[in-house]
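Each chain gets a letter, A, B and C, in the order it is written, and its residues are counted from 1.
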Amino acid sequence: MSDDAVLLNDELWERLLELTGGDVALCYQCGECTAACPWGMVREKGLPVRLVLRQAQLGIENTGAELWLCTTCGLCQATCPRGVDIPAVFRALRQLAWEQNRVEKGLPSMLWSLYWNSNPWSQPPSTRSAWAGNLNLETFDPARHEVLLYVGCTSSYNRRAQKIARALVTLLQKAGVSFGYLGDDEPCCGESALSIGNQPYFEEIAAHTSQVFIEKGITRLMTISPHCYDVFKNHYQEVPPGWQPLHYTQYLAELVDQDRLVFPHPLDFQVTYQDPCYLGRLNEEYEAPRRILKALPGIELVEMTDNRQAGLCCGGGGGRMWLETPASERFAELRVAQALNTGADHLVTACPFCLSCLEDSASALSRALPVLDIAELAVQAIGERS
Amino acid sequence: MTEPRIVVCVKVVPKPEEVRVDPQTRLLERANARAEINPPDMNALEMALTLKDRLSGTVEILSMGPPYFEPVLRVGLGMGADHIHLLSDRAFGGADTLATTYTLAHGIERLRSVDIVLCGEESSDGATGQVPQGLAEWLNWPQLTLVTELEIDMERHVARGQRSIKGGYEILEVPLPCVVSVKTASNEPRFMDFRLKAQAASPGRMKVWDAAALKTDVNHTGLAGSPTRVSGLASAASRERKRERLTGTSEEIIKALIEVIRNSVM
Amino acid sequence: MVDSLIHPHEAKPEIWVYLEHEGGNLQTVSLEILGKGRQLADEMGWPLCGLLLGEHVVHLAAQVFEHGADRAWVVEHPLLGSFTIDAYAAATFQTVMKGKPSVLLFGATPDGRDLAARLAVRLRTGLNADCTDLRIKRESGVLVSEVSGFGGGVLALIEMPDHRPQMATVRPGVFPVPGSMPGSQGETISVRVDLSPQMIKTRIIERHTSSTIDLTRVPVLVAGGRGVGPDFTDLEQLAHLLGGDVGATRPPVDAGYIERERQVGQTGVGCSPELAICCGISGAFHFVVGIEKAETVIAINSDPEAPIFDYADYCVVGDIHKVLPDLVQALQAARELTHD
């Protein structure tokens, strides 16, 4: 056998077909995916998506580092003429890598934290609701509350993201919404396990979490993170009857439309908006956040070159939040540059991962570009400090 | 070439931040704390499984504690360990390191023909870091401690390890059988493989040994075999950060900083 | 109950300190324990003895006396030239069985912990690990050791009334180094031990010191962020003075100002120092998870709103390029004062 001969593995091919529901077979190798992938903008070689798909079709084992680059932003899928769910193919390949214990350093530790701490951030479960401090939030009761505020792990523990949670609470209280939360008992949604391809563990978490929701009589909830929203909406098998997961921007937009949430305090900003991939491209919610922005007096929205369907990922999805990316390869650097080009004085988004990545890159700029979550901006427009 | 038979000592511990000292009774409240595998023992387990990946053989978990530790220990089976031995008897309760190592050593002797015993560097609850060495002493085996890398040569029947010492490391070789302590955080424990996890529930994978089965001497186990007594308990100063601003002239601030540095390290 | 080999009635009212040495000098931790041992010995009216093992170590006895010991038990043997647990445990055991001290203390160093743990089982006695304080009850001569557990959240007092020697390892850095008293004299007791090459199971293949970066166990972490700029010299100086090492957040690592191995946090290393000094660090969540286990955190940042102040015990709003040099200078001055 010559050195460049490769082993074709029928069994692997069949497993991949099974794991992706046959999607990988649809690919006819046009290469639109590789061209669309944002990695091409930051790395000379980009991420060879087409090649990864080809190898998958042939049953060639792929355990290379590129498997873990994919942020599951879905830009490739959006351009694919065959409609292949390419992020799902990456997740399936990652699942096979998990089975062989060949995964990126740092990811097993993240899953262990999910296992022992019920959050991926290695934080004590007993302090999950510490962010709510003296807000006097009520524990969800289906008889009294119209909606559950599902905070999520990042907004529970990351002090920067906690500010989103507190801003959102202020808005909901202002609008007179009767809502509850789950305090320290809030279970993790499991998205971080899913996006790095550990499907079996995700399913275990999802089964447990939906059981909690069913027991507590939860049907309508809003999440802070689009990542939680996405798995609740698209990846949970067993859901309570009448299940209606929402992203908080959708909920707030509803309140705005119903005039329950009004913004009397005019601001004077020009803002540009980052579409979080998991809200926009993956769930086609482009308008709710923009409707809120439009309702804020004195706020002018200017769009970046890549927006809505073409929105550029912050780099934090697909498990990348737990992996190191060299400074020169961060999508957020490009995104922040695009934001500056609009002339906007604020960059707003609606996802704790986007906030974290963009703020990190913005803080390296010479010109100040504050990065805010929409909830934080909205709080300013009701005349209160978040 | 024969394949190694590896035993990993695993302790189930309460999550440290959930343990409190009752200010009234001065007793440790750990009943409501979540349990986990002692994190340093996860590093020992990972090192054992890496050896098994390379050399085949078996990895067995040895633990001491009440029967309700079982589901936590089964996590190790999900990672790839083959079997669990739980030493469980009321007579073993209240053991300090002398009694613990005596009991564990009996367990290892009862298993027979073990080539190597791996332990975590220390436990997150007691944090004595004495079990590996004490175990080696009871067994009269050589020891390799604070190891970050380990090789076994079954042909020459030796273990070679890299031991952390002040400012560096040394490479040591000892004959098998031996006891090894694995330096905390020297590797990243693999996550459970869900195909293994499904099998991990099988009752045949775990054996419980009581004092009679181990043939331990009641004078050497549990409280009776423990020379040390806890005579007082207190919660340490709160781990909440103080967030105290040091203000004043720059001289005053430097003085205050030096005071803080003195109190914390000098 | 299991009896110790040395019965409480036959134990001598003496405090022994196992002494580690390197390059012809006693290690700092050994001096610290001699200092504490002297205080305990004075309170009890007991003699304080140092235990010295090695190939040629008798000349170190002078240092032992200068730091407060009344006697030095000196054990010299060719097989004690470098530390192996086999030879050192055997030699220490034989010496302890000769001298039968009531209290036997070690530094909680890698070698000290190994030796003490093995010896305690051999002597069938207890061992209090990593103690942060010690006292002896005057009426009973019982040693009371303060130890911490559960990640430092719980303090316990531990004693062993019926076993001798009462052994403990002492955490480095908790007791001050005593001033030396040049010219102090004491009694040197040379001990002959029975060691043979067959007893040595451990083969030392090679030994490397210095050069490895390991922030996980460093006692003092001086960490720098974007605010430091390209030059980490001030931080290095401060770390050196405090016996610590330098870490960093992501931006200085990204910029190539410092090695990737020094990155602290979610995608770097987690540290558990006694003290972390955060310089010019804003306090991103990715970084702060790496210093959560620090005992005490000092933060210095010119931005009074910096999130790092939420994660610190002591906060200084100021320019690190001014605060750090001042601090280094003041520490140096203070050190010279104590050495005079």
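In this text, a contact is a pair of C-beta atoms (placed from the backbone, for glycine too) under 8 Å apart; a residue touches a chain by one contact, two chains touch by 3 or more.
In this text the structure is predicted, and so the values were computed from the model without any measurement.
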A-B or B-C - the one linked by more C-beta pairs in contact: B-C
Chain whose Cα mean lies nearest the overall Cα mean: B
Per Cα centroids, the chain farthest from subunit B: A
Geometric centre distance via CA averages, subunit C-subunit A, whole Å: 46
Rounded Å distance, subunit B centre to subunit C centre (Cα mean): 22
Between subunit A and subunit B, centroid-to-centroid distance (C-alpha), Å: 37
Sites on subunit C at which at least two other chains make contact: 310
In subunit B, residues with contacts to at least two other chains: 17
Subunit A residues counted as touching two or more neighbouring chains: 106
Sites on subunit B touched by subunit C in the complex: 14, 16-17, 19, 21, 28, 96-98, 101, 124-134, 136-138, 142-146, 160, 163-175, 184-185, 219-220, 224-236, 239, 241-246, 250, 253-258, 260-261, 263-266
For the subunit B and subunit A complex, residues of the former touching the latter: 15, 17-18, 34, 36, 42, 53, 75, 188-195, 197
Residues of subunit C touching subunit A in the complex: 226, 250-251, 254-255, 266-267, 282-286, 288-289, 307, 310
Residue ranges of subunit A touching subunit C (in the complex, touch as defined): 106, 121-123, 157-161, 322-324, 326-327, 356, 360, 363-364
Partner subunit B, residues of subunit A touching it in the complex: 98-99, 101, 105-109, 111-112, 115-116, 124-127, 198, 200-201, 204
